[in-house]
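Order of writing sets the chain letters: A, B and C. Residues in each chain are counted from 1.
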Amino acid sequence: MSGVPGATPFARSVWLILRKDLTVEVRSREIAYTTLFFAASCVLIFAFALVREGRAPEGGAAGILWIAVLFAGTLALGRAFERERQSETLRALLLSPMPRPAIYLGKLLGIVALLAGTELVLVPLVVLLFSARLFAHPFWLLGIVITATVGIAAVGTLFAAMLVRARSRDVLLPVLLYPVVVPVIIAGVQGTAALLQPVFEPALVRFWLLLLVTFDIVFVVLALWTFEAVMSD
Amino acid sequence: MPKWFTPAAILCGLMFVISPVLIARAPDESSMGMVYKIYYYHMPSAWMFLLAPLVCGVSSALFLARGRAEDDRRAWSAAELTVLFGALTLITGPLWARRAWGTWWVWDARLTSSLVGWMIGWAYLILRRYGGPGSDKLAAGVALFGAVNVPFIFISVNYWRTIHPPTTVVPKLPVDMGVPLWFCVFAFLLLFVLLMTMRLRLEEARTRLDALYVALDE
Amino acid sequence: MSPPPASRADAFDFPFVAVSDVSRAFGRRRALSRVSLRVDQGQILGILGPNGAGKSTLLAILATLLRPTSGDVRYGTLTATDGAALRARIGVLGHDLFLYPELTARENLEFFASAHGLPHPPEAARTALTRAALDERADDPVSAFSRGMRQRVALERALIHRPRLVLLDEPFTGLDDASAAALLARLRALRDDGAIVIVATHDLDLADGLLDHALFLRDGRVAASMARPEGLRSTYQNVMTRALGSAT
C-alpha cells in the first residue's frame, strides 16, 4: 500500500499518529479538560450576556453553540501543536519516512475526536440552558455537527501546523483561521438553527449539509496537497 | 523602473484629474442626484478588488508548487493591493449605499463576502509582518485557502441574506453613463499596474539588498 | 561486522555523504558559507565550533530538514528529493530529543519503530531497551526520566531503524561519565558496523580519540578540516585563533 518506495504505508501512518495522539491525550487529559471547561464557560458567558427575561434571542442557541466550538477548537489546536513543538516531535515525524499528508490526516482525526468529545457535553448543555430542542432531529444534527467540526478542524490543523515555528503563533491562529472558516460557521449555525424552527424543512438542512460536505472535501484535499510544500523549509 | 513607468504614471495622474470633469458631465441618476457619481469610483475599485486576490491566489499556488521567489513577491504585492482597493471599495460603497438604500451597511452576499475577503487580505499581511522566518510559505497557504474559499463564502452568505443590485448594471447603462465608467475603469487598472510594479520593484530591491548583505560576509 | 537486517530500504542505501559548497542564509544572516565535506561509511566525522558557528544548521541540512540556499548534498546517488526513501536511512539525535514525555520509553520506541515501518516494533523496542539498559524503567513515562536516561532512549529511538547515516547534535550534553563512556562505545560500534556517523559537539575532551575526521566551523565557514585529529583541545584553539586572525 505504499506509493513511494521506502515510505511507510499511508493508512498505517495515519492510524499510528491518531493512536499516539489519543494515547497521549488520555494519559494527561490536559487538553480535553481545559477545552471542555473553556467551551462550557463560553456558553455560560453568552447566556449571561444575551438571555433576556429568561429566553435566548431567536436562533441564538445555534450561534452560541458554534461560537463556543470555534473558540474552544482554536484553543485546542494551539495546545495540541504547542505540545509537538516542545520536544520538536513534529520534526521527528517529518524526519521519519511517513508520508507527510498522512501526518496531517492523523493529526486532523485526532483534533476531530477531541472536538467531538467536547461537543458531546456542549450540545446537551446548550439544549438545557436555552431550551433548544436540538434532539428532535438527531440524525440531521449529527450530520451538521460532524461536517462542520471537520471543516473547522481541516483548516485549523493545517494552519496550526504551519504556525508551529512562527512567531506570535498564538494570536496568528485565530487571525488566519476565522475568516477562512466563515462559510463553515454560517452553514453550521444556519443548519443547526433550521433544526429548531417550528416548521421543520429538511430541504433547508440538506442544503447546508451539502455545502459543509463540499467544503470538507475540497479543503481536506487541498490541505493534503499543500501540507508537504508548506511544512518544508 | 521600466521605461514606460513615468509616462504611464503621468497618464494615470491626468486621467484621475480629468475624471471628475467627465463624471460631472454625465446625467444625474433620477432618484439620487450627485451622490450616484461616487459609483464611478466604487465600481472600478471593486473590480480591482477582485483582480488583486486572483493574482495573489494564483501566485501563491505557483509559489507553493515551484518555490520561486518572484511568485512570492508578486503574491505579497497583490495582497497589499487587495487591502488597498478593498479599503477604497468598502469606503465608497457605504457612501453610495447611504443614499441609495438609506443605510451604511447591509449583510448581503456581495458586501459580506467582500468584507471577509478583505479580512483574509489583512490576515496575509499580518502574517508576513509578524510571522517570522518561513512566513512566505505559510502566507501562500493562507492565500490559496482564501482564494479557493471565495465561492463557499459567497454561496453561504448569499443564502443567508441578499439585497445587492443585480450584477448586470454595467451593460444596461446608456452610453453617457458608460463612457465615464469605462474611463475610470481604465484609470484604476492603470493605477493597479503602476502600484504593482512599484511594489514589485521594492521587493526585488529588498531581496537584492539581502543578497548583498549575505555576500558581504562571504 | 553484522549487516543490517534486509529491508526494502536496502535498495536506497548509500556508501558516502558529500556536501559541496553548501551555503544557507536566513534573510540577511548567513548561517553557512560554502561548506564542503565528505564522509564515507565506517567513519566518524566531528563538526566542531563555538556556539553560532552553524553546526546545527549544517546538521539540519544533512537531515533534509532544511534546504541549502546554494550548493548540494549527495547521499551516494540519492539527494533530498528522494524524500521518504532517503529519510528511512537517516537517524537523527537532536538537541531536543524528539520524545513524547507522556508516553513510556517502550511506547516511544514502539511508535518510532512503527513509524519507520519496521516489521516487528515490539521486538525492536525490547532490543533497544535492553541495549539502553532501561528494562526496569521501560513502562515509566519519559517525563519521569533524568536527562541522561532520556538521552539513552532518544539515542535508541534514533537508531532503531539501523540507519546508514547517524546525525547527533550535542549528544554529550548533561551526561555523566558512565553514560558518556557508553555513548562513545556505542558510536564506535556504529562506525565498525559501517554506518556514517556525524557528531556536532563542543565537548572536545570527550570527542578526543573518537573522530576519524574533524571539521572546524567558525561563523559558518570551514576554518579547518583534518583527518585523525589528535589533541583536540589545542588543535581547536589553534584553528580558532587562526580563523579569528584571518577574518576581516
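To be clear about the criterion, contacts are C-beta pairs under 8 Å (C-beta built on N, C-alpha and C of every residue); 3 or more make two chains touch, one makes a residue touch a chain.
Treat the numbers as computed from the prediction; the structure is a model and nothing was measured.
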Chain contact graph, described as a line, ring, star, complete graph or other shape: complete
Pair with more cross-chain C-beta pairs in contact, given A-C and B-C: A-C
Geometric centre distance via CA averages, chain B-chain A, whole Å: 32
Geometric centre distance via CA averages, chain C-chain A, whole Å: 38
Rounded Å distance, chain B centre to chain C centre (Cα mean): 50
Sequence positions of chain B contacting 2 or more other chains: 133
Multi-chain contact residues (two or more partners), chain A: 232-233
Chain C partner contacts - residues on chain A that touch it in the complex: 4-9, 12-13, 16, 20, 23-24, 27-28, 86-89, 91-99, 232-233
Partner chain B, residues of chain C touching it in the complex: 25-30, 33-34, 219-220
Contact set on chain C toward chain A in their complex: 8-9, 11-12, 63-67, 83-90, 92, 94, 96-103, 107, 111-112, 114-117, 141, 157
For the chain A and chain B complex, residues of the former touching the latter: 155, 158-159, 162-163, 165-168, 172, 175-176, 178-180, 182-183, 186-187, 190, 207, 211, 214-215, 218-219, 222, 226, 229-230, 232-233
Contacting residues of chain B [partner chain C, same complex]: 133, 209-210, 213-214, 217-218
